[in-house]
Every structure is written in C-alpha cells, then in structure tokens.
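The two complexes that follow have subunit A in common; it is paired with subunit B in the first and with subunit C in the second.
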Partner chain A sequence: MTTDLLMPVLVLGAIGCLCGLLLAVAARFLHVFEDPRIEKVTGLLPGANCGGCGYAGCADYAKAIVEKNAPTNLCRPCRAAALLEISALMGVEAKTLEKMVALVLCNGGDVRSRRASMYNGLAECTSADMVSGSGKVCRYGCLGYGNCARICPVNAIRMMPDSNLALVDADRCISCGLCVKACPRKLIRMVPASHHVHILCSNRDRGILTRKACEVGCIACQKCVKACNGQGIHMEGNLAVADYTAPLSPDLVNVCPQKTINQRGTEAAPAAPGEGASA
Partner chain B sequence: MKTVKAPFKLPGSIHPHYHKESTAALPLEVMPAPAVVQIPMSQHLGAPSKPLVAKGDIVSLGQLIAEPVGFVSASAHASVSGVVRAVTEGASTAGKATTVIEIENDGQDRPGSALLPHADWETLDGKALVSIVAAAGIVGMGGAGFPTHIKLSPPPGKKIDTLILNGAECEPFLTADQRLMIENADALWQGIRILRHILGGPRIRVAIEDNKPEAIQALEKALAKADGDVEIVSLATAYPMGAEKQLIYSLLGREIPSGALPADVGALVENVATAVAVYEAVALGQPLTRRIVTVTGPLIKRPANLMARIGTRLSDLIAFCGGFTGDSGKLICGGPMMGVAQVGSEAPMGKTTSGILALPRRDVALYESAPCIGCNRCVRACPMSLLPCTITMGVEADQMEMVEGLSVLDCIECGCCSFVCPARRPMVQLMRQGKARVQLARRQKQEKEKGKQG
Partner chain C sequence: MTKYLMLLLSAVLVNNFVLNRFLGICPFLGVSKQLPTALGMSGAVIFVLTLGSAVTWAVQTYVLVPLHVDYLQTLVFILVIAAFVQFVELVLKKSAPTLHKSLGIFLPLITTNCAVLGVAVLNIKLNLGFWESVLFGFGGAAGFGLALVLFAGIREKLDRANPPRPFQGTALALVTAGLLSLAFMGFANLVK
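And then the complex of A and B:
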C-alpha cells in the first residue's frame, strides 16, 4: 500500500527535478541578451503604432533605436519630454524636429467650387475620383468624401458642413502622414506648424479654366511671387507653390486677387475659416 | 452555311430588357465630319500615345498624328484634314483627363493615308500583315480597346486553334455591331479571312446572340461559299454573353485560368468591328479613323446608328441626332451595364465608343443602399463564379487579404451583381475599389522588395 503510493510520487518527483535541472542549464547556455532599454524606450513612445517613423509600430522603432542606432527624433507624435528621456537613455543629443502638420491644399468645397453633375456612387474618394471626379469641375480639388478623415487615428480631420471640405485641426494632428497617402488626389502635404499663411490650391490648369471651376483657385497671376520677391513662393506651371522655408507674410492674404492665400491657426484669423459661415 | 447552337451554359447571367427596338432596324447613316475633332491620346488599354504634331501643323485625312509608347499602346490618325489647333489636356469619355489633339476641319478630306492598299494581301506573310494592323492603330473595338496587333502575335509556343468573332453585343440598347453585320457582312468575311491568314488558319466561329436573326441571316448569306472550318454559332440571349471569357466558355467549354489570357487556352476573340477595320486597313489602306456608334435612349430625339469620325465630340453626335427631347438625366458612354456616366457632353468619342445612351431623369432612379441581406442572388448571377457579397463586405471592412484570396481580381465588372441586388448595394463600385486596392498593395510590395534587393 505504501509502495503503491510512494512509487508514483518518487517517479514524478524525479522527472520534475530532471526537467528543472534541464531548464536551469538551458537558461544559462541558451540565454538571449535583450537590452532592457528596448522595453523602456517602448514605454516612452506614444504607443499609437501609426508607422509615421517608417518602422512597423512603436516596439519595432524602439528596437531600431537601441540596436541599430536609429535617430531618436523620428517619432512625430512623441512629446518633447519623452524625446529628451529617450535621448538621455541612449546617450545622444536630443534634436527636436519642428512639428509638422497636415494641410489640405484646397479651399474650394461645394460652396465655392462648381459641380457639373450629380454623383450617386460610393461615398468614398477613390471611387469618386474614378468617375470623372464625381462631377467636380476642378480636376485637382478636394472631393469631399472624407478618406483622410476616416484614416486619421486621432480624429484631427473633419469634413466641414455645407462645403464638404476636409479641414485639419493642427493642434490635434500627430504628423503621422497617413492622410497624405489616403488622398487619391494627393492634396495633403505636411507643413511646419509654425507657418500660418498658406496657398490653398492645387489646380495646375490655366487661369481661364481654373476660374471656370472654382472661385478661390490659383490663376497663376504671380502677384504673390512678385510681392515676396520670389522668396518662399515659386511657380510650378500654372500654380503658385509655397516652399515653406520661411513663414510667409500675412500681407499676402490681401495681395491674392482670388483669395487663394489664407491665414490659418492664429488668433487673428479663426482656426477654421468655414465656407458655410462666409457664403 | 448552317448555324449551330452554343453548347455550354454560363454559370451565371442576367436577362435585362434589351431596348434594341428603337435602333435595330435603322440603316447606318454617315455623319458628316464635324467642324472640330479632338483625337484623344488614350483611347486604348496601355500607355497613352505620343503626339507627333504641334499647333499650326497641317494634317491630311488618315495621317499618322500620334505614335505608340512602349509595348501595349497604339498609334492614332487624323480623322479629318485640316489644321491642328491645339495639343492640350482635354476631357475623355473614360472619366480621366487625357491629352487630345484638336484639329479644325477644312472640309476637304484631303487623303493622306499612312498606309498602302494591298489587294494582294494573300501573298504577304503574317508578320507583314500584323505590322499593317499596328500601323493602322487598330484596337479591340468591343470596348476594352486592347491593341489588336499584340493579340494577333501570341507568345511563341501558344497555338491559336479557334478564332471567335464576337458579334454577341449583349449590352442593352446598343445596335452598332448588329447593323455592321447586316450591312457590312462581305467586308467582315474578308476581314475574317485576313485574320485567319495571320493566325495560320485556325477554325472560325462567328458568335451572335439569337435575338439578332437578321444579322445571322446576313452572315449565313455572306459566308455561304466560305472555305475551311467556318461556323456561325447562335448564342442564348443573356448578359454578359459577349464578354471574352464567357464567350470562350460557352463556345468551347474552356475556362481561362485566373490571370491567364485566351491564348493560353488556344482561343482568340475579336470583335466583328475590329475584323472590318482590319479589312479596311489591309485591303483598302485606310487607318482606323471612323467607327459605328449607336446614339440612342429615350432622351434622344432621333436615335440612329452613325458612322462617325473618331474624335467627334459627344455634343456633336447628339446634335446630329436632333438633340435632347427633354430635361437632362444621365448621359452614358457605352451601354447601360458597363458604360461610363459622363459629367458633360464635351468629351470626344474614341475607337472604343460603341454607343451613347441618354436616359431621362425618371429612368435613373436614385436608390438608398441597405446592408446585405445574405440572399445570395449575386452569387448565382456572377458569370465568373465569384462571391460578390462576401467580397464587397470584405472591401467595406478593409479585409484586403481575404478579398484578394476570394479572387477579386478576376471580376470583369459586368454589373450583374448590382443588377440583381435587392438591397441596392453598390456592388460593382465596391468590387472596382477592391481591385484597385489589391493592385496598389501588390505594386507597393513589389517596389519594397525591389528596394530591399537594390
């Protein structure tokens, strides 16, 4: 009776000891060293996994920082304090990048930009762009079906009522750049957050055609280029494009005859110059 | 010449109202050349052609004005004689802007064809004939616009045993091919002979839907003394019978593997209008500068089958047919199933424009779409045996790997699923979006791999 009870206990006990010993040996010889800093850096990163840094999520970027000496300032959403801490951890100098925000280079929503026909298809920008741009006369302008707003991980983009124009809230934007890729008309550009005067048009047609399509389109009169002596604005074909080297002067807003140049994000001008309010 | 019935039944099809009665009996009318034509540079599949003329140049009828760029591309010719007014960006019927060559017609039609007539074409070899077809700028005139000279030179090792002439014309409203077969049957037979000569003598099947008995009769007469293995096949009337893959299946019972070409199963499909264009190019030395287009719909005052110059603006075609009878509704380039809705009538017709359809507002009811009710009607209607309901839900939920696994790329965008859906879901749009996104993901993946290697 006692042996019946004792034998299994002994056998199982022996197996347990053996396995424990094996594990102890394996832990010693098969040990993989993982830098504890990776976990720390991962904790300091925002954890949005937006992919804006070019790596597959925050953990992957943390690994790259520690193991491959990737620059510590690639994460746009990262707070300045966290950046300092990560840089201190890695023993490198913290170089803050200027905050960039997304900007929709179009101001011609449904109120100011003409639609030639009615669209009854999928309420989605890519599909609308396939069928003559859903009737929007301007071949370059914002279609207004909100692909950018849907992809934004922090709800920084909203579609304006009445005009159906995408508008970025610069304070909320984390500069991940997902909206830039989502726009089938390539209207969104990342610009420095410190700039407040923008040329809000992407129409490359001749002025006469632009004028037929939209009230606030760039007609290539070049008045803005002359007003700033070619500093900061250059012409790309029939379109004036800001190169965002130095902030543009707010005076340009009054220079532009088409009201294409707008001031945004300062106290002087309301943060969201809605078309609905002015029209 | 005896007519036989097509032996195989499609896995799925629909039966819309055909509405062909308003133009089916109308003989072809030659439309006078308009004052201005705009020749689009992308009226075919593949890369747009490169203009060879500039503003102010004087061109003659049939002169080469644009050359192909790259392998899959086609040349374009002046369809009137006159002065080039501009080479500029313009509207196209496909919905995307393209470069157009605008020619002001001088009304003289000074001939200046880039081609020579070859009455003795039988002495030429296949390669020489294919180069004539390429020089004439001939593309598939059924709708897709695939350059014909590429189709006619199958990759080595692939033998074409059957040439199918597509006269199905399964799109409702359109009667362009039907009138062509009735009035141009002899030219069609000559074109078929040239194609047969190029391909080394395959058997010939002329496929016509059985709702066009007049066309079948006309061809039976024209092909009465035909030599070799030639048959007229009458197809059951169903949509999309005239699609390439469906036509090959119903005639030969051969399924084209996913991503493969008809040449892989030994078949080749050419539209009947393409065959006539080949005859005109080879035997008469005329490049492709005109085509038959059906202008129809309840909104057109005087529906007609027109022989019109390529580059004629839709507004000119409609004006020649007496204009609209009422308030504007929907203007479609092509048929109602696969045609492209237009935002205006300023776009010029191209080599693939087989019809203009104008519908009044009451015929284009706007529906609210509702969620899928899982009835499976689209699965039964799909001629490609896909699962449109599952695929479209996958597109909506952004499950692109699942969508790719369900062969979304095999969708031919025929519209049967949208036609039968009781919930009025925008099926074709979702399928098209799915295709576009899967293709984009594949391209990005390829680029990434290339970047890693390089």
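And then the complex of A and C:
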C-alpha cells in the first residue's frame, strides 16, 4: 500500500530533480556571453520591428549598435528621450533627425479623378497597376486598393471612404518608409513633419491630358513657381515638385488654379464637397 | 525494410497528424500565414518530435514499466519533453548558433504541443520498438510539415484573393483546412 503511494511520488520527484539538475548544469557550462547592453538598447528601442533602420527588426539593430558601432539615430520611430539614453549608454553624441512623415502625392480620388473602365481583379494595387492601372485615366494617381494601408505597422494610413484615396495620419506615422516601398506607383514620399503645404500631384503628363484625367492635377501652369520666385518649388517636366528645404507659404494654396496645392496638418484637411469630408 | 517504409508512409500520408488525427491544429492555423515561417515551424517540429519519441520511449521502457507506474505517462512525458527541449536549445545556442537562429522562437513554442505528447503516447500504444518509435516520430512530424507547408502555400494565394466578407480570414482558413483534410482521406487505403 505504502509503495503504491510512494512510488509515483518518488519517480516523479526523481525525474523532476534530474531534469532540473541537467538544465542547471547545462545553463552553467553552455552559457553564451552576450553584451548586457544589447538587451538594454533593445528595451529602449520602440519594438515596432518596422525595419526602417535597415536592420531586421529592433533586436538586430540593437546588436548592430553595440557590436558594430552602428549610428544611434537610424531609428525614426524612436523617442528623443530614448535616443539620448541609448547614445549615453554607448558613449556617443546623440544626433537627432527631423521627424519625417509619409505623404501621398495624389489628391485625385474616385470623386475627382475619372475611371474609364471597371476593374474586377484582385483588390490589390500591384495587380491593378499591371492591368492598365485599374481603369483609372490618370496613369500616375493613387489606385485606392490600400497596399500602403495594409503594410503600415501602426495603422497610420487609411483609405478614405468615398474617394478610395490613401491618407496618412501624420501624428501616428513612425517614418519607417514601408509604404514608400509598397506603392507600385511611387506616390508616397517622406517629408518633414513641420511642413504643412504640399503639392498633391504626381502626374507628369502635359496639362491638357492631366486636366482630362483629374480635376485637381498639376497642369504645369507654373503660377506657384513664379509666386515663390522659384524658391522651394521646381518643375520636373510637367509637374511642380516641392523640394522641402523650407516650408512653403500657405498663400500658395490660393495661387494654384487647380487646387493641387493643399495645406494639411495645422488645421483640418481641405474638405471639398464629397471628398475628404471625414478627414 | 518494407515494414519501416510502410510505417513512414502511414505516418506521413495516411494517418497524417494534422489532417487525420487532428493533433497540432493550433500551430497549423497559427503559423501558416507565410511560407517561410511555416518552413521554420516544420523544421522545429521534425526536430522535437524525432528526439522526443526517442527520449519518451526510453523513459517508458526503462523507468515507468519496470517500476509499474506507467499511469504517470502523460505527466512524465510532458516533464521530460519540456526539460529535454530546453536542454537541446541550450546546446544549439552554444554549438550551432545558425540553426538556433533559424528554429528560433519555434522550439520553446512546441514543447507543450499536443502533437508532441500525441506521438509519445501513440508510440507506446502501437507497441513500437525504439527505432520504429523514432521513425514514427520523424514521419509524423514530416507529415505535419507537409500539411503545414501545403496549407501555407494555399493561404498565401488566398490572401491575394477577394473572398466575400463573411469568409475572410479565419473562416476561409478553416474551410481550406477541411478541404485539405478531405484530400488526404484519398490516401486512406494506401497502406493496410
């Protein structure tokens, strides 16, 4: 009777002790030395694993900082305080970078930009782009199938309900740059967060063609270039492009006859009838 | 030789762990979204199941049976497998860092998986010898890997498709798993 009771206790106890002993010995002899700073730096990094720094996730970047003396300021989402702490830990000077946010350089959603045909394929931008641009007349504009919104690790991009236009929430954006790579039409650009006046068009066609495709496309009238004396805006073919050296003047919004130039961020995004009303 | 081949075939195709015995469903649905992760998981499962069968067979034959406490099977197997996997992880980290990196997070994840306990218990139930147990464990894990990789491939394609809203995500994954299971039923009479 007693053996019946004792035996399982002894067996289980013995096996447990043996396993514990084995693990304890193994942990002692098979210990791999790791710089304790790696763990600390990993803890200070945001942990979003966005890959924006060029390394495979936060832990890998932390390892590179400690072991390969990688610059400490590559992490865009990193808070300023954490950056200082990491730099102090590594004994290097903290160099801050201006916060950059993603910007979709197109304002011609389904309301303002025409579609010539129906597209019934996969609801995904790359596929739509291959099939003659999903029937959209503009060969440069936002396709509206949300590849950028899906890849965003912090859900900072949403597709506006009426226009199917991607809109970046600048406050949420962590500047990882994944959306820039995801857009098959290369519409997304990283711009300084302090700039609020943007030229929201990527159409390089001649004005007459642009006008046929979209109500708010740049027609290369160059009024904005003249208004700012060529400072901050230059022409690339038939498209006015801001070079983001200094913030553009808000007056340019009224200069542009096509309403391509928009002010964003400081106040609510421009609410034209039927489009962007929820922005 | 034929006997071993039959055992292997039966474990991989006929009595597939996931699609026929319904063991290890959790990782089957959890890590089958992308092919590379599915491959990593399969590798880890093959590793743990093969070694786990060997260890549990030895514990059963040399400890539990002679001491007449084989009713402790479940408890002891879990304990032994968990400790063993931890030990192997330590060894790998020291001696084969690349392998450790590729198996990575999957190793500790599957220690308490039902497929691992399932293969250990089945080995005893089917009265298999040592090498048969190891082979059965390997075959079962390879079957699991096969199912996982096939499923991940299908899910990657489905991700790009445009199913009706009620079917999106898990619903479609479960339907697909059911169809895959049905397809594997076709192997039913391959090995008697």
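Rule of thumb we're sticking to: the second predicted complex is superposed on the first by the 235 of 279 C-alpha atoms of A that agree within 3 Å, B and C clash if a C-alpha of one lies under 4 Å from a C-alpha of the other, contacts with A are read in each partner's own complex, and residues count from 1 in each chain.
In the analysis below, contacts are C-beta pairs under 8 Å (C-beta built on N, C-alpha and C of every residue); 3 or more make two chains touch, one makes a residue touch a chain.
The model shown is predicted, which means the values in this text are computed figures rather than measured ones.
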item: Partner chain in contact with A:Asp205 - subunit B first, subunit C second, else both or neither; value: first
item: Partner chain(s) touched by A:Val154 [first = subunit B, second = subunit C, both, neither]; value: neither
item: First (subunit B), second (subunit C), both or neither touched by A:Leu12; value: second
item: Partner chain in contact with A:Leu23 - subunit B first, subunit C second, else both or neither; value: second
item: Chain touching more of subunit A, residue-wise (subunit B, subunit C); value: C
item: First, second, both or neither for A:Ala80, with subunit B first and subunit C second; value: neither
item: First (subunit B), second (subunit C), both or neither touched by A:Ser132; value: first
item: Touched partner set for A:Glu124, first subunit B, second subunit C, both or neither; value: both
item: Set of subunit A residues, in rising order, touched by both subunit B and subunit C; value: 122, 124, 127
item: Residues of subunit C touching subunit A in the complex; value: 59, 63-64, 67-69, 71-72, 75-76, 79-80, 83-84, 86-87, 90-91, 93-94, 97, 160-162
item: Residue numbers on subunit A that touch subunit B, as the complex places them; value: 116-117, 120-122, 124, 126-127, 130-133, 135, 139, 205
item: In the complex with subunit C, residue positions of subunit A that touch it; value: 7-8, 11-12, 15-16, 19-20, 22-23, 26-27, 30-32, 122-124, 127
item: Residues of subunit B defined as touching subunit A within the complex; value: 89, 91, 95-97, 340-344, 366, 426, 429-430, 432-433, 436-437
